[in-house]
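Below, subunit A partners subunit B and then partners subunit C, in two separate complexes.
== the complex of A and B ==
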């Protein structure tokens, strides 16, 4: 309960101080970004000046395009008389975002349900948990084609192809949610459960009024891992699903034509990373609303 | 509590914005039809719905099929065709055998290998009459003959695409296993450009152009064919046949399906004829289906692909028995198949019927007068 008190105290901070905290964060982010860019450019300049070679690796425009070339590429036409690359990638990112968002929701719901199931039965926990773990040791590259081959013909036409990708994405996301839900639900002080029981609270009430609120910080920690993973799953899943409209298709093509335009692939990776970060931030924002007591809020 | 309500609003707004964006993305996709997954919106009950599994991603290598769809040739033949692009994890034979597509495109030697494993697929049209595979070296490396590759690092795509090169090496007295250092080549030309290999596989219509579209850092100019030695498999006598259309024997046994296949080939051939006579229009069709492709590169690819099809002395798509034998011989010699394939591996009756109907319509199915135009290389393939 001490958490709640502190949280309330924090929300009463004057607006000026909140703005200052936000400014510091943005400044820090930009400083690190500038630092990383400096390292990239610095290494390249150093390697070029000294003729440094790491094995067969040689720093040049092909292996390490300049940061400004990568960003600049986004605002070049994707081809002669074509739309800007950023427009093409924006459409691709939206397509992938749809697959990833559906995958994340599916994975989170399934992961949560499985966590609840396992938390309430020691027998199931001992029996099923090894298989849940095993499911994550099978490479997603092996799972993805199977999902497409088996799943696609069974999907209604409107969901075909991208629906299978969402399932692949869900496969990558449910695991951390299951493990953390299980951990969170069982983290409740047994005395509080005893208290609820003494009031003749039902299993359902104990779950929703006590266990789930206690598990929420754990679940959100898992969702923060799952959100970027859902984007990765969607991108990987697009390849066996024959989807060319998303970021996976763009990465494949720019990889194929890498030597003729190296910055295009890097720019696509940049957009893919931004999409993952957007998913992460969405989870963080949802957490701020739903979990007032999360310890990481006091950082 | 005021701040809490405020942040709730922000999250709600974010969710609404995200949903709206996702909705927009959906609309965009349907408008441009880039995936061919939304054909159900236009499908009508009168059309036979079939799917073609392509060997690789959308590019001018498959322009004829995209043109047939775009120009309404499939619809004219009563077909609603979905073209599924391929990719690194997609094996067309498996997709067709799995029933997810009626038609597939793959190289003939791969088809023979699949048949050799007891799977009943059959080639019904050999669209590419010649092989476009080459092995290239830098001229300044002095590797001017294929025999010079002894002891060198030789890049080639593995998993079924190395047979032609291995056949060429063997024919010239080199053992692919012991006399050269075979390097698994990724599907870009990085290794050769960085000189991590001394020779690399390149299709005339794709990778060869990628080198020419790249700037030579020493001169600041694009590389030219004068910088390269190009060993063409077709000239070395080991040009196993490439892109052809196949189906399963079970599916084609049905007479109604034979009729669908004939109509499919007729419309597809008409698409290829259109691309021979209107290469620029076909490049535009390909670009519409592949938003991340470069225009200059696709223009080159269209031209080189036409060169692999035309002229077509027997009529487009009709398997030449002699070329089949060469492919069969290579496949047998390199243990791609345990026993030589028989003529059951292909049938020409359906393609012949399709070609006959096109001739009756006054189409030129041979392209004897076609002469390969010069296509300008663009920097970066733009």
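== the complex of A and C ==
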């Protein structure tokens, strides 16, 4: 009886605790958001009042639109008699999200497979790793047009354009996954390897029952970097592909009209940032579900 | 004779790089059902010897025969259950799934596995903890899980490398009694590395006393204490005699614990002498 009571009590407590920590977290987020907005508006008011200039920079509606103007712009028509800006950006964000999500999955799978390969063979590691690193020193802006020009004609019609962008996004995301997979797979406790050896476990069993589960926290740390990067990769990839339907197209478009409507570009940036955050949080949620490790393995 | 032995070592030598001889000319036979302890100071090669038997380390020369075959073949045939000083549990698996890991690797089906895991939890008295995570258990309980995992597939030989070295004295004594109970029930053969004299005497049918530089067998002490052993055994006059004898044999090998440098003083020389 006493045991049951404790068990119930114990299962109840974390729930209340969880609600409390969630509330604290949301409160903190809002406080920081308010603080940052305050800094933005405060700086602008200060600079305007004192006539402060930083080189050529001068705070005004063009360089620093009011926060309420940026948010308000979302609910203005995007062009005369056109749909609201937020509707346009929502569709653009969905389009870019598709490219980025496919890119992230492709990049993660390729990055993981490459990490396994490099972890398996020291020779391959020494031979290939410099080129893997070199691949990341080439600016994505130089790679993107090549992927589009070379890849697009070879893609089936359903994948054309956005498929090439997904590949560019994958190019930007695989690297951290490879490095951390390699690190995670090779950093297992040698005694756990001895244990598997004593059971005469196959290479395959050691990989899936020991190395990969042990490497998961490392891999998720990499995915947290890769997820927002996949959004950046998709946006940048849209530019040379001349894709108009995504956020990259929107940024390019509103860039051209910046003189007449600065808040539109800022609003687009806001949506792009929100998309990146959404990707990040999705990875965090997946980590919560998939990684079942002792508490010290969570950052 | 060696035809029936579980472990038969002849002239086993292990040299590491840099001319360090870890083990020299080791001859040892372990018969079925025996509980043999290897005791000695750090650096005597007792753990290395255990790892050579388990085919985790290759000897430089000499023969290792386990159940009539090479150590490697015995490993491939899953003849070994190993327990390390740390429990080496996988923290992403529940207690039950840790115990069932070797069974998974042996390709047992789910229901057969579940039955055996239940038996094992009962054997080490951890019923009700199957769904816990390893980190939710105390060190002693974790080590019991590790023992259950080692015994789950009924290996011919249980290799234990200072399994209770990291535990407090109270837990260690309780687990000693538990290991004897499990040993009697499972009728397994055990090779046990320890640096505690009372533990070696309490558990073993034979104590192999080793000396270092190079690691050799200095003496073998037969432990003729009655079975089953329990709390009373530790009060037995014969128990103290045997503890003294093992200690004397260690001294003869130049291994007086009093002369062990601080920091190396891992040798527990019977604090319980009368």
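One rule holds in what follows: the second predicted complex is superposed on the first by the 280 of 299 C-alpha atoms of A that agree within 3 Å, B and C clash if a C-alpha of one lies under 4 Å from a C-alpha of the other, contacts with A are read in each partner's own complex, and residues count from 1 in each chain.
Just so it is clear, contacts are C-beta pairs under 8 Å (C-beta built on N, C-alpha and C of every residue); 3 or more make two chains touch, one makes a residue touch a chain.
None of the values given here were measured: they were computed from a predicted structure.
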item: Subunit A as common anchor, with subunit B and subunit C clashing or fitting; value: fit
item: Subunit B versus subunit C as contact partner of A:198, first or second or both or neither; value: second
item: Which superposed partner A:189 touches (first subunit B, second subunit C, both, neither); value: second
item: Touched partner set for A:256, first subunit B, second subunit C, both or neither; value: first
item: First, second, both or neither for A:213, with subunit B first and subunit C second; value: second
item: Subunit B versus subunit C as contact partner of A:291, first or second or both or neither; value: second
item: First, second, both or neither for A:97, with subunit B first and subunit C second; value: first
item: Partner chain(s) touched by A:143 [first = subunit B, second = subunit C, both, neither]; value: neither
item: Residue contacts on subunit A - larger count, subunit B or subunit C; value: B
item: Superposed arrangement (fit on chain A Cα atoms) - minimum subunit B/subunit C Cα distance in Å; value: 9
item: Touching both subunit B and subunit C, residues of subunit A; value: 292
item: Subunit C to subunit A touching residues, read off their complex; value: 51, 54-56, 75-78, 80-82, 84, 86, 88, 90-92, 101-102, 104-106, 133-135, 159
item: Of subunit B, residues touching subunit A in the complex; value: 3-4, 7-8, 10-11, 14, 18, 21-22, 24-26, 28-29, 34-35, 37, 40, 53, 57-58, 84-90, 94, 98-100, 186-190, 193-194, 196, 210-211, 213-214, 217, 287, 289-297, 378, 380-382
item: Parts of subunit A lying in touch with subunit B, wherever the complex brings them together; value: 11, 56, 58, 60-63, 77-83, 88, 91-92, 94-95, 97-98, 101, 141, 144-145, 149, 152-153, 157-158, 160-162, 239-240, 242-245, 249-250, 252-261, 264, 282, 285-286, 288-289, 292
item: Subunit A residues touching subunit C - in the complex, by the definition given at the top; value: 189, 191-192, 194-195, 197-201, 205, 209-210, 213-214, 216, 291-295, 297
